[in-house]
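The following pair of complexes shares a single chain, subunit A, combined with subunit B in the former and subunit C in the latter.
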Partner chain A sequence: MSNINGLLSLKLLGFSFLSMSVGLLFMGLGRKVTARIQRRLGPPFYQAFLDVFKAFSKSSITHNYVMDLGIIMSLGGLIATAFFIPFAGYAVLGSSSIVIILYLMSIGYLGMAMGVSASGNPNATIGISRALALMLGYEIPIVMIVMAMMLTYGSSDLLTFATAQQGGFANWHIFKYPLGFLAIEISFQAMLGEAPYDHMIAPAEIASGPMVELSGKYLGIGFLLHAVQLYVETGLIVNLFLGGASTWYVFLLKQFAVYFTSMCINAVMARYRIEQGIAHLWKYAGTLALLQLFITRLGVF
Partner chain B sequence: MYLPDGYTTLTKRAEKDDREVYDLFFGPNHPGMHGNFGYVLEMEGTQIVKVRPNAGMLHRGFEKSMENKRWVQNLSLIPRVCVPDPDPNEVAYCQAVEAIMGVEVPRRARYIRSVVLELSRLGSFLMGMGGVGGALGHYSIMYLMMESRDRILDLFEELTGGRVYHIYNIPGGVRRDIPPGWKQKVLDLVDHLEKRIPEYDRLLYENPVVHTRLQGLAPLSAEEALTSGIVGPNLRASGVKADVRVDAPYAAYDEVEVNIECSGGGDALARAVQVRMDYLEAIRIIRRLLAKIPDGSFKLDLGNLMKLKVPAGDAYSKVESSKGEFGYYVVSNGGMKPYRVAVRGPSLPAGLYLCHKHLPGMKIDDVAVWMATLAICPPDIDR
Partner chain C sequence: MKKNVYMTNLRDERQNAWEGILNYFRKRSMWMLYYCTGCGAVELPPTMTTRFDMERFGMGPMATPRQADLLLITGYLSVKTLKRVIRSYEQMQDPKYLVGFGSCPINGGIYWDTYPVINHLEMFLPVDMSIAGCMPRPQAILDSFEKLRDEIQEGKAVGYKRYEKHYDWYKANQDKVLNREDAVLQPWEDPFADKPTLEALQAGEKMEEGEDK
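On to the complex of A and B.
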């Protein structure tokens, strides 16, 4: 029994490192992609790793224990979510319930909210309140799409959705649920906090929001948070719509394709005002998702 | 931790906060602020209730310093009044000195001055339009425009030796003649810049998100603009056809065509579009100037400029900079140094007065965009 637990712990540790490394690699590549769009050379693709190492080697300033706890809770919540994302058809905990994933994903932002509001900086508080408000905008379309799939398969298991798409391109959900895919692509920009929904960071408005109070190791954890978030959210879309994958490199390639699209949109978009952003999400992503849900229900019955 | 009596930590204040008005420092250390200037915003939630401009951090006493330097030494000081667009300062100051002395600048020098002014305007517009992009979180347009601006700075370096500050104009003309081949390089550059405009349009001016953000933001009627002392592109965006180059031509502007058009509307979008229109016109003006540039001397012989004595008298000279009218009032008592120099900058009315009208009621989202579309230049406020 103890051997099994030991093995599982090792696997979980491995998955934590995998999610962070993949996320950091994508962050570096994303910066390179953006730089090329802006006719710049850009930093090397491993720059995000260097940034994290550097941040962790610096001294840090904390305001109180609530801040420490909030940041750790945020990272913990996101890493826990990563365990439920099937990686190349393999779910490390044996379960990949989409309900648990959506639930755990919000812990990331809630932890961040707890941490930065403890710092008392108004910029940080405005930033995190924007992030939480935006969650209202993108979670509703996502839940509607997930509901459509749950209705079809009678299951809430992400791995079931992924395996159901096996057998070639034609089986991918991107063709079966095209409106749902468009809705989730719009929501994905908001989930990642990329333009036109980069309200949480918005340097020119709120001086980088929550990041303004993160120094040294806290900033390092901030980078890791974004990295794990990237892994989780791209993994979610690959499993939901792009047929999952049976080999690790195909899975990574698909994940990067999703992130690459997001970076390209980010590079040519300005930022909405927060209320415009939420309205836009509800109006377009919400309508598309609702249509998809109706179409699916009509197909079922 | 030791705390003085009555002092509460930020955390404590945040805990007991319920719709309480709090201070938010927008600058001097803020990514949305250009330069060492700030607004203390009294906020309720994310809405501004009241604003207190926090100027003075860039105050170096230019006007007073000029009284202690010789006439020509001041030329190294005045470009610092407006960093992105330094040449209008030099020209306005030199024109005032020349007016007091009663000398006529050679025709070639006037043409060279105009070309330099227009190039400086293009550089400043690129920075301004890119700044609007930056304030909106659209960094690609900012990088692309900075790349274009660098090409202009390369030409300035070849002409004057300096990239940002040129110190090229002197009383009586310009410091040196244009180098061989420079004229063709300018023509090639403006061709290149004109070709890039459709790209800027697609990214910025036709971007639906940009329209959503800028439309109806901080409207300014023609009457309000005039009574507030707003000048230049911001005034034209409110529908007033005013431009110093047309109304009181200086340098070589009386010999070339300058077409002024107004975008109208008066909101932030109109102000952004006005800059785009003026940018295209500046490109055309450069072509007209270079086609007519005469041969001849590029400066007057006024002897050793370090020993220049200006007869007693006073003069006001104004120049249309990229942000509007830049004016220099110079008084001489006949000595080797000015008796008094006063600067009228275009950013001061918007930065210090208009903010009281526009910012209260605005959300924090729009402050940086408001500043960028009004092209508020903090060094010009503080001087």
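On to the complex of A and C.
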């Protein structure tokens, strides 16, 4: 029994590193994409790795132990979510319940909220309150889409949704549920905190929001957080709408395609105000998701 | 003009293989906080954006001193601003580097005899690199950053260690201008005319160390 547990913990460790390195690679590539859109050369594609190593080589300031705990809880929550995302049809824990995924994803934000609020900087508090308010905006469309899928398949397993799309492009949910895909693309932009929903970071406005007090190693963990978040959320969309994948490189390519779209939108959009952002999410993403739910329920598609 | 302290470079004694690896990452990823005190800030947008594209070298702007590695003093520094700059510099985390833009942080520039402006930044904070010019063009800025990268790799850019080691000297200089009580509108005289330079201080320390042995 201990033998199996040892193997499992090795697998979990491997998955943690996989999610972090995939996310960091995407972050570097995303910066490159933004640079090319702005007609610059841009940093090398491995820049995010350099940044994280450098951040961990610096000294850092902590304000109290709640800050340390909050940041670790945030990273832990997101990595735990990553275990439930099927990577190329393989769920490391044997389960990929979408309910657990949606539940664990918010732990990342809550841990971040706890940690950075403990730092006592008002900018951090403003930033995290914006992030939590925005969460209210995008979780509702996502839950409605997930409900539509659960009603169709009678299951809450993400892997079931992914395997149901096998057998060619026509089976992909992006074509079966186009309204739902649009809704989740809009929500995805808000989940990642990219423009037009980047009120959370807003460097020129609230001095990078939650990250304002993070220095050195804490900022390094902040980078890793964003990396794992990227992996989780792109993986979620690929499994839900882009047919999953049977091989790892196809899965990574699809994940990057999702992120690439997001970065292109990010590069050309301005920022909404926070109340505009939430209203926009509910009006457009919410309406699309609700329509999709009704259409699915009535059996039109 | 008397010999100034910004020429002083303290070799990093702890430089070993591991530090060398870390220095590689430090030089490839420099996040900067630019303190727009004067006209130098206007040279930074072209350096950062499409034409000269500083991000090629992994450099980018950061929002707060806590996150930054590189503090840019872009132009003249008034006494009031100096107080804020010192606070910003002390909030930054080691290793940190400080770059003075243009002639004003070097010798006061055209403001050399103006009462609210300080003349020698290196008297108050350890300057790792000074860019001469009024103002330096983006090419000069990129060139100086390249030199700074070389110095970081060689372990020569250790201004923050110099600041720790000679904090008393820097603190005394800072207090001299920040806590000034005499009237400012009077014939100008160099407040640091009779101060020992940092080099003299270091030379004295070396002699003392020799005596101990």
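Keep in mind that, in the parts below, the second predicted complex is superposed on the first by the 299 of 301 C-alpha atoms of A that agree within 3 Å, B and C clash if a C-alpha of one lies under 4 Å from a C-alpha of the other, contacts with A are read in each partner's own complex, and residues count from 1 in each chain.
The working rule: contacts are C-beta pairs under 8 Å (C-beta built on N, C-alpha and C of every residue); 3 or more make two chains touch, one makes a residue touch a chain.
Worth saying up front: this structure is predicted, and the values here are computed from it rather than measured.
Shared-chain residue A:207: touches subunit B and subunit C both.
In the superposed model, A:219 makes contact with subunit C only, not with subunit B.
Legend: residue contacts after superposition of the two complexes on their common chain; A:54 is shown touching subunit C, with no touch to subunit B. Of the two partner chains, subunit B is the only one that A:269 touches; subunit C does not reach it. Once the two complexes are laid over each other on the shared chain, residue contacts for A:39 go to subunit B and to subunit C alike. Once chain A of one complex is fitted onto chain A of the other, the partner contacts of A:63 are limited to subunit B, with no touch recorded for subunit C. Looking at the shared chain after the overlay, A:122 reaches subunit B, while subunit C stays out of its contact range. Under the contact criterion defined above, the residues of subunit A that touch both subunit B in one complex and subunit C in the other are 38-40, 203-204, 207-208. By the touch criterion given at the top, residues 34, 37-40, 63-64, 117-123, 125-126, 195-196, 198, 202-208, 267-274, 276 of subunit A touch subunit B in their complex.
Within the complex formed with subunit C, the residues of subunit A that make contact are 31, 35, 38-44, 47, 50-51, 53-54, 57-61, 203-204, 207-208, 211-216, 219. Of all residues in subunit C, those touching subunit A in their complex are 22, 25-26, 28-29, 49-50, 53, 55-58, 61-64, 66-67, 69, 93-95. Every residue of subunit B that touches subunit A in the complex is listed here, in rising order: 9-14, 22, 24, 30-32, 43, 46, 133-140, 143-144, 147, 203-204, 207, 209-210, 212-213, 363-369.
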